[in-house]
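One chain, chain A, links the two complexes that follow: it is found with chain B in the first and with chain C in the second.
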Partner chain A sequence: MLRIRNLDAGYGALTVLQGVSLHVDAGEIVAIIGANGAGKSTLLRAISGLVRPQCGRVEFAGRPLCGMAAERIAGLGCLHVPEGRQVFAPMTVRENLLVGGYARPAPRAELDERMDRVFSFFPRLKERRRQTAGTLSGGEQQMLAIGRALMACPSMLMMDEPSMGLAPIAAKSIFEIVARLRSGGLTVLLIEQNARAALRLADRGYVLETGRILLEGAAGDLMANHDVQRAYLGKDYSRIDE
Partner chain B sequence: MPIYDRKMETLSRGALEQLQLERLQITLNRVVRNVAFYRQQFDSRRIDTLSIKSLDDLRRLPFTTKDDVRMGSPYDMFAVPLRDIVRVQCSAGTTGDPVGVGYTANDIRHWSGVIARILAAAGVSDQDFIQISFPYGLMTGGMGFHYGAERIGASVIPASGEEVHRQITIMKYFKATVLVGRPGYALAMARAMAEMNLRPEQLNLRCGIFGSEPWSENQRAQIQEQLRIRAYDSYGLSEIMGPGLAGECEEQNGMHIQEDHFIAEVINPDTLEPAPAGEEGELVFTTITKEAFPMIRYRTGDIARITDEPCACGRTFRRMSRVKDRTDNLIFVNGHKFFPSEVDEIIQKAAGLSPNFKIVLDRKEGAETVEIHLEVTSDFPQLDEIKALERMRESVARALVAALGVEVAVKFVQPASRLTAGGKKVIPIEDRRKQDGQRK
Partner chain C sequence: MSAFKRIMPVLGLALILGLAPAMASLAGARYLLTQMTMSIYYALATVGLCLLMGYAGQISMGHAGFMAIGGYTSSVLTTCNLIGHAQMPAFSLLERSGVLFRTVSADGVSPAVCVAPWAAFLAAIILTIAIALLIGMPVLRLKGHYLAMATMGFGIIVHRMVIGFRALGEADGISGVPAFPVLPGAAISGVISDRLSNYLLAAAALVAGVWLLQNLVHSRAGRALRAIRGSEEAAEASGVDTDRYKLMTFVLSAVFAAAAGSFLAHYNGGIGPSEAGVMKSVRAVALVALGGMANLWGTLFSSLILNFLSLRGVFQSYDDAVFGAILIAAMVFAPHGRIPFFTANAAARAWRRLTGRRGRGGDARD
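This part shows the complex of A and B:
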């Protein structure tokens, strides 16, 4: 579904990502783990067109994305759920969802249909559809951010730190939602600082360190890798002290 | 027959090449950080690993040789701290001293996985009793196959390097259905069975997966005939992982290379340039998932071909031919060149059996001569009649001359060596052409 080769990306003269190659197959959950500043968010922004790649090749469903405007990329079904949710606080839940639908314009009736699907997936959002987004809890806002992306009928969701800033129980329910989305046929590219939760959920993962990919593998293999355990899973403190 | 890892083994070429490129780049990122040898190799050639942007770019990287590995032995080539190593093994000493290699827990898991694939490709399942006659221990054959057989749930009989008669007794006792080992050892078993008055029908054996020494189609036919089994070829070497790099499917027509874990190239061993597609040359392997002991462009010294023609079994991994021989055994005589294994195959065809022999190269009056010293043993059917023996000698000599294009004399000699379970069938070469007495 997504194929990236030799991607360099950054901001101005600063290159954050260096020679990144990765892929996501249809129906997979792929996790990117890495420390702060490793380039995880830059990677998603380069894919979704918010940052222009400096070089390399990004293909989504067989089409090259490089240089394409962000709204066209979203229109192809590659949707970015940004870090920190970024819902429109003064607008209602319904209005937020309608904005999401604009990435794939459709007659009102179809938008209503899509919204019904989102509401059946997130009954909580249905209850609060007339509330302004700013009054929602963190977990509900994250649901809204996901629901907003679903309004554009994505084939792949790219989620940037969906559990960030959430209470553990809310984070847990977000991960359950990701699993449900996949069983519904969605492909998910997931960025998480909570490496353990991400790898539990994912089929495969990549480890990004200072802009380069250092490991790839089945999620179980990554969890068994001692470098991953030492750096991201908080195991082996005594070993580090050696 | 079922494909063990359908997703990987039937991956489209495009998807596989994407995966190979990703894993190659990751391996390069890791060896540059963790293995001083590779850092120096690349730095001294001013190669930035970021410039490796396609699988073709792999060609720009230097080779790794057995000598490099030997110099770094035991631990300098490891890419992880030693506390992450869960097993060490040694590479067989076909040439020179043993060389240590290491594995992380993930390496062992991947190794078991590729063995499971090639066992399944030969039709082995959890219904089978699989007798492993490779010696267990530092060599990779025994342990490698053992873990893969357990992975698919087969019942493992770790017979290891038992003496051949005892091996047969064990096989009969447990009703083994699958034999894993050296092809030469399988033939020795067939001979021993004859001595024991045991017919193949009295065993439950139905297939065998063989490897670790060069063998021929002729030997395959003999094994299949004498043991009444299907015989499959497999390939591996310890520096890369052990057995399991490649294995045959039910088509018995080339070994599928486990390309999601290894990138294989074929080079001309003289020019070091890539051999034209489909042509014979030296195999070069790069590991792309190994954590403990990654190898970049390792020269195997094994001569084979690789074909990318589709296989009827549905697997998309490319296939390698059986290993024809080693780069270092090529014999040059009077402008002709041939491999000892070719001599072996011709003798087997002409004589109808597989005797041990020595190749003696000499120079008489300026011309180079080849003598084959054929060991006469009691299993020669012609032994009782001098005329029959003489006829066989002549037909072997004629066949050799015709095939090799050089004059060959065949002499009968007393047996000098015996096959053992742990050893390999070696074809000694005595080169008297060199004045300092050094052997080739």
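This part shows the complex of A and C:
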């Protein structure tokens, strides 16, 4: 579904990503793990068109994305749930969702249908649909950010640190949501600092370090990898809480 | 928000504006109508800026520049004498279609041919759209204080051009701008006997403008604008064409300013370079900030009231200082808008408190 070859991207003269290649097949959950500043967010931003790639190829569903405007990429069904949720705080939950539908314009009746689908997925959002997004809890805001992306009928969701800043229980429910999304047929590219949770959920994973892919493999293999354990899973403690 | 709930405040505005002249004449102060009319035109320009600043979150420190472009285009075209070009083939065609009209020049005897006010108005709007597109495309890539500086630069350029060009009257400005017949029997002009009809025309223009903005804000485009203000990046990632919406809003706010500038020039019978001054732009920004940023009604009333007081000379020579102080205060106490007064919600809350009724929905912002 998504194919990236030799991608370089960054900001101005600064190149953050160097020669990144990866792929995501339809129906997969792929996790990208890495430390702060490894370039995880930049990678997603380069795919979704928020950052212009410096060189390399990005293909989504067989179409080249490089140089395409972000709103058109979203229209193709490749949706980015940005870091820190970035809900539109002064707008109501309903309005937030409506803006989510802009990537794929549709008549009102169909938008209402999409919204009903989002609400059936997130009953909490339905309860709070008239509330402004700024008054939601962090977990609810993350639901809203995901729901907003779902309004564009995506075939792939790219989630940037969905558990960031959430209480452990809210983070857990977000990971459950990701699993449910996949069983509903979505492909997910997941970025997480919580490497353990991400790899448990994912089919495959990539380890990104200082802008390069260091390791890749099945999620289980990565979890078993000693370097990964030492660097991202806190090796000595990992067995205790199993 | 339902169409009914949306039209109520507009009707309320129409009622307030409609009653104001009656109150003024009851108080034996009909002369106040002049400043009331002028402040309405300034308010028309300010609510346009409110859309850009409050809703789309893009600052413009050059709003007076657009007002001046509107006012000066109308003034120049309706006062320039084209009689020397009477031999040109297109001349009689333009005259027959009403684009040109015959009049007498300033000396009161020699014949003159000028552009009709409606055609000049049209030209002003078209020129404004062209300039706003030209300026907006590069400038709206900037954010925050870079955008403020760039738009301020534009405002300064307009101001210097207005002062510098002979055709634009240099420091004297342009006078002798004729009446602008907008409806049968009603023209925008400074004739004393037409003071009431002029006030009502201005009020009608403002109500129409606010009605338009009110609908826009609650439309698909308005949601996109508020999303851009909420988080430009998330809006983009959600499929909002942020560049296009920002540019569209910039142009629309410029058109509001230009229309107001043009009407005001006809009402005053002229225009001077002070209309293009940087402080006029700062004043508009201050009024939007005082009104609560994304608050059309707050901006509207703060603009009506403060411009009226300013035009009445209440602030004396501290005029600019007052608006500067307002801007500072608004930035310090409510940098993101949300000043509690003037909002329809605050009124609704006060009403509920008075009547002891509990409303449903609480503080949903309109």
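As a convention for this text, the second predicted complex is superposed on the first by the 235 of 242 C-alpha atoms of A that agree within 3 Å, B and C clash if a C-alpha of one lies under 4 Å from a C-alpha of the other, contacts with A are read in each partner's own complex, and residues count from 1 in each chain.
Heads up, the rule we're going with is that a residue touches a chain if its C-beta (ideal position, glycine included) is under 8 Å from a C-beta of that chain, and two chains touch if they have at least 3 such contacts.
Computed from a prediction, not measured in an experiment: that's the story for all the values here.
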Chain B versus chain C as contact partner of A:Thr132, first or second or both or neither: second
Which of chain B and chain C A:Leu50 touches, first, second, both or neither: second
Contacts of A:Asp221 with chain B and chain C, given as first, second, both or neither: first
Chain B versus chain C as contact partner of A:Gly100, first or second or both or neither: second
More chain A residues in contact - chain B or chain C: C
Touching partner for A:Ser21 - first (chain B), second (chain C), both, neither: first
Chain B versus chain C as contact partner of A:Asn6, first or second or both or neither: first
Which of chain B and chain C A:Thr210 touches, first, second, both or neither: neither
First (chain B), second (chain C), both or neither touched by A:Gln86: second
Doubly contacted residues of chain A, that is, touched by chain B and again by chain C: none
Complex contact set, residues of chain B against chain A: 15, 18-19, 21-23, 25-26, 29-30, 33, 50, 53, 80-81, 83-84, 104-106, 109-110, 289, 291
Of chain C, residues touching chain A in the complex: 220, 223-224, 226-227, 229-231, 233-243, 294, 361, 364-365
Residue ranges of chain A in contact with chain C within the complex: 48-50, 69-71, 74-75, 79-82, 86-92, 95-96, 98-104, 130-133, 145, 148-149, 152
Chain B-touching residues of chain A, taken from the complex the two chains share: 3, 5-6, 18-19, 21-23, 25, 212-217, 221, 224-227, 239
